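Each structure below appears as structure tokens.
Both complexes shown next keep chain A, but they swap its partner, so chain B is in the first and chain C is in the second.
Entry: the complex of A and B
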């Protein structure tokens, strides 16, 4: 008699209802113990109250007229006022440089096909175009301004198409074009004497978000190479070079930026001959860059120190000369390891551009501050103003940390 | 027949322009010369400018009268005091705000950093929102926001009174405080109180050791606190009996006069309050991230082992995770302390007379170059002290736990 001894397991039961789905999730993440339950209830109550009163304030109690009143000055400062360029309209100059930037972003997206580049390009172009539909009256915000803003979308598309369907644009050329766009922007904003329509505009009148962005871009691009140089100098075996770098780094790290900015205004006219450029914008750019470079140097030095000495030794053993060992082996690995710290420094630099108020420059923050001081009827609505400014800053800084996260993930930091 | 070897085969040594040591020395000499020349040139320019424009220079101004009021001061100050003393007052202001700020920011930062890692989803998300917002907005904007919030509060006459003791208005917060009846008894009792705390801590340590060694329950915390309290109370009674009155009396803020100015108690003035709120909330978001990274750096096995031994979640954090995380946390924490100290230079925006604020005012009546050197020395001294304290602590926990 044959007995079938083969074992057929029963169909496994599904997990109990209390362990899966929304209930299971809540049990695991909100009510895993009695104190967690209490915490959840308290935290939920607090967040509901904050949200309720916060939203009520934002949509009902808050009076945002102060933000509406300042409007374009947030973006351009005093740039397009009668005092800045008498007798002509200067609004188109920053707008043309914005067009160039969006076109450039379009090219970057087109050549790399990178989803991150796509997001950034579409976001910048979209926001710029959306600004055209701000509900101002036509006298305050003319049709020409709106059309130039709308033109950002075709510019973006043109840049993308140029990169996608021709072989003119490579990644290296995008970088070169980026430098060119920055120079053109400066020339456009500053103006050229003698050229009709390009009347010089004193840098005193530059302001708003434009000023913060200009200082940040210049500072970021220059402080990284200077910081790398300082870090290498500090680790150098040559005592003189080392001492010079250490003194530079420690002096700039030891004193608050606002003190350095103020002192640059006082001391530079004394220490440099009169023909040395002494415009506040230039000084602010130099001081912020050097200050940031000192911090950058320490970040990169950290990365270099964390590197296993075997890397450099292997490179030397393969016959690479010293400078190639540094440039091709040590630095790339060191920088890859400290990307979060470097981006953190970039974000700090962007936030620090708000400190130019000490040398009377009208950046995004100072515009608001001066406006409130000059128009005391808005004193009670300073809150709205600074919340708006905070949100603008937050969008940029949060965007930067998002990009850093993505880069880090793409490079596989921490996985090797 | 002797033939000359061909020229190409003779070894002629490394050519000068490729000789590593020569190049290095040349580079050093060149860079040193350039640096020295640059510094000399700058100083020569400053010297010329000083002579041409007849700008005062040197440090002789330090003994002159400053003749400018300083809004907030923690040591007695009058306008007739010297520049040197005024500068010292400004330095104490910065030190006070940075010490209080660092303590509060560290506590808040640890709390938020731990909350960020909580297994409770909603708590972790709240901490994340806090960190992401406060870390990414410039301190200047935050300070201006708090400043105008403070300004929008009612004036002292119509201010809020909480429980009849706590006064909140646009001049600051006034709260009940102890006021000393005389210098000597107050000082004696304070010293005795410090001694009591030290004694309590010593007893706590001894009993803890005994508990660990013998396994006998010795209640170290209870005994330590009781001892400290006992010594404190007894010395209070002794000092009171010896001088005829208590060393400290409670003093409550009282509105006075037409404008309701508050006298008595202690008033945290608006400038200091706003600066502290701004600095603490901003720096805490950075410290929270440092704490999070530190805790995450401790191996999972450590936590699992602690849980397996039966330690509660709180005890695991307090006795296993945190002590190990501290080693990772301390170095960046020190640099955050330095940042807080340097960021307090934004006091000028909210009307707090910190070092930078006073120094900038001083440049109107004193040579700027000298002031700048003084500022640098002062900040350097404060920074070095912070580094020293932090590194000493780091060294202590580093050696005791390994």
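Entry: the complex of A and C
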């Protein structure tokens, strides 16, 4: 008994509408059961109370004059004080460094055309220029300072135009220029003995956000390659190299950073001859970088471990030598897989830079603390001060999270 | 005499003599002695764990043999790194799980080794890559990433990637085992075409139809040994070993 069934393709239907308006959404998501309803109401009440009292404090009760009073020292610490630069104005040095950075960001945007580079460049240039309009009187913040800040916008534009309309700037050159700018910044801030106008400024007077950023930039750019090297070393088949890397990682990871910083100040002078350069800041920078590199190494190693062994096998089977297999096949995939962990480490490093208070450096946090201690009339307003400091830190760390999120999305092309 | 009638090719391109391999205490290869002539197509079958994959992986030194000698294309496989790299340039390999590089486009997957190892200029390598993509039937996928392709397409890219090094020998390690039936067909089609082009091929595969059609010899591995090594007709109709009949009855 044969039945002829004609084949009719099923019509595709639109997906069911489960969310009908705001009420439907609320019913499905907020009040789907009695206990969810109770939770929603309680959470709403708590949020309203927190917002109410929080905003009331921020806008009415809090006295933010302490932040205004501390002013530029948040950014530069004691850098431009009479003690640091007796008899001359050093303010232009960090400002010129900032100009170089914005020009560099402009170039990065111009060469890559990347919307992320654009956002970062415009944000940094815009904020720098906006600082020129701070409501201080001219004798507190002179015209020269304001003009140099405003010049960040033309510097940005010049960098962008140079990259956009000439073939001088490539991505590789931007990286090289970045290193150069960092060195120039250090030289400008430190000063060169014997050069008029560049009188040396002891690093003891460096401080504020500038100090945190310098340490973070140096730490981040160095700890990643060092960490990669350590991770590869730990996976090496050469026993001596492997043991050295394991010992390094375990020692630096096993000791609190604060202890390492103490030791950098107390032990290193004992271990080296007197004429060994012992700038405490330099040692602190080295310690923070190595500490971070030890964690970085383990992040990267995790990424390498997670790769399918077939990847390296396929590369080797094609005749690629081991180092090219690592460089072109394993590392790019491993690093991509652990970007969240790497950026987490960057953020931790940035926050850890405030531990240099241990060696008596006045970073963003410590400068606030010292100010309060020296000006007891503001003792009641320490809360405002430290909330402000926290917000500044948060803005930078959130910026890093945002960049990492964008990078992940950009790299996500074709992945899984 | 071979099924393809290429009786002229008599040069032995792979010579194995008494090859042994252990994983810890497990004796994976227990004295493999065989030769493969240039242009020959050898299909290797056998139960799981019988050493067939291990065997072809020793041929390009992805696994190290611990006893015996292997000579591939005139080069003896020793610990000498230069020899190993020379052999790997000469021997293409296709894996069960494709192992394409997920962070590179299809085109870049194929041009990578010719560019970095053979030092071909990029435009030349790309020319070869496009020709090969054409040959495996997916030139339009060149700029996609591996994850955007179907399994069958990925395996065809993997074959093109191996061919781009212009190898004299191709090793296939269960190339269709991870594929849906429709995709098996498209991959076998490419392999069939390759077999007819005088390429020396060693393929671990349980596609018996394919083996019957293109193989010059079928080898069966069991417990680290070659238990049968015959032309397809003999192998299927008149196997010398009881073990072969039993295995065939299980997978047919």
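We adopt the following convention: the second predicted complex is superposed on the first by the 394 of 416 C-alpha atoms of A that agree within 3 Å, B and C clash if a C-alpha of one lies under 4 Å from a C-alpha of the other, contacts with A are read in each partner's own complex, and residues count from 1 in each chain.
Rule of thumb we're sticking to: a residue touches a chain if its C-beta (ideal position, glycine included) is under 8 Å from a C-beta of that chain, and two chains touch if they have at least 3 such contacts.
Quick caveat: nothing in here was measured; it's all calculated off a predicted structure.
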Fit or clash - chain C, chain B, common chain A: fit
Partner chain in contact with A:27 - chain B first, chain C second, else both or neither: neither
First (chain B), second (chain C), both or neither touched by A:314: second
Partner chain in contact with A:333 - chain B first, chain C second, else both or neither: second
Which partner reaches more residues of chain A (counting touched residues only), chain B or chain C: B
Partner chain in contact with A:235 - chain B first, chain C second, else both or neither: neither
Contacts of A:173 with chain B and chain C, given as first, second, both or neither: neither
First (chain B), second (chain C), both or neither touched by A:324: second
Overlay on chain A, chain C to chain B nearest C-alpha distance, Å: 7
Interface residues of chain A shared between complexes with chain B and chain C: none
In the complex with chain B, residue positions of chain A that touch it: 29-30, 32-33, 36, 39-40, 43-44, 46-47, 237-241, 244, 251, 254-259, 262-263, 266-267, 269-273, 347, 351-352, 354-355, 357, 365, 368-369, 372, 379-380, 382-383, 386-387, 389-390, 393-394, 397-398, 401
Chain B residues within the chain A interface of the complex: 24, 27-29, 31-32, 35, 42-43, 45-46, 49-50, 55, 118-123, 126, 132-133, 136-142, 144-145, 148-149, 151-152, 313, 342-343, 345-346, 349, 356, 359-360, 363, 368-369, 372, 375-376, 379-380, 383
In the complex, chain C residues that touch chain A: 60, 62, 85, 88-89, 91-93, 95, 97, 99-103, 105, 112-113, 116-117, 144-148, 158, 161-162, 165
Complex contacts: residues of chain A adjacent to chain C: 308, 310-311, 313-321, 324, 328-329, 332-333, 336, 411, 413-416
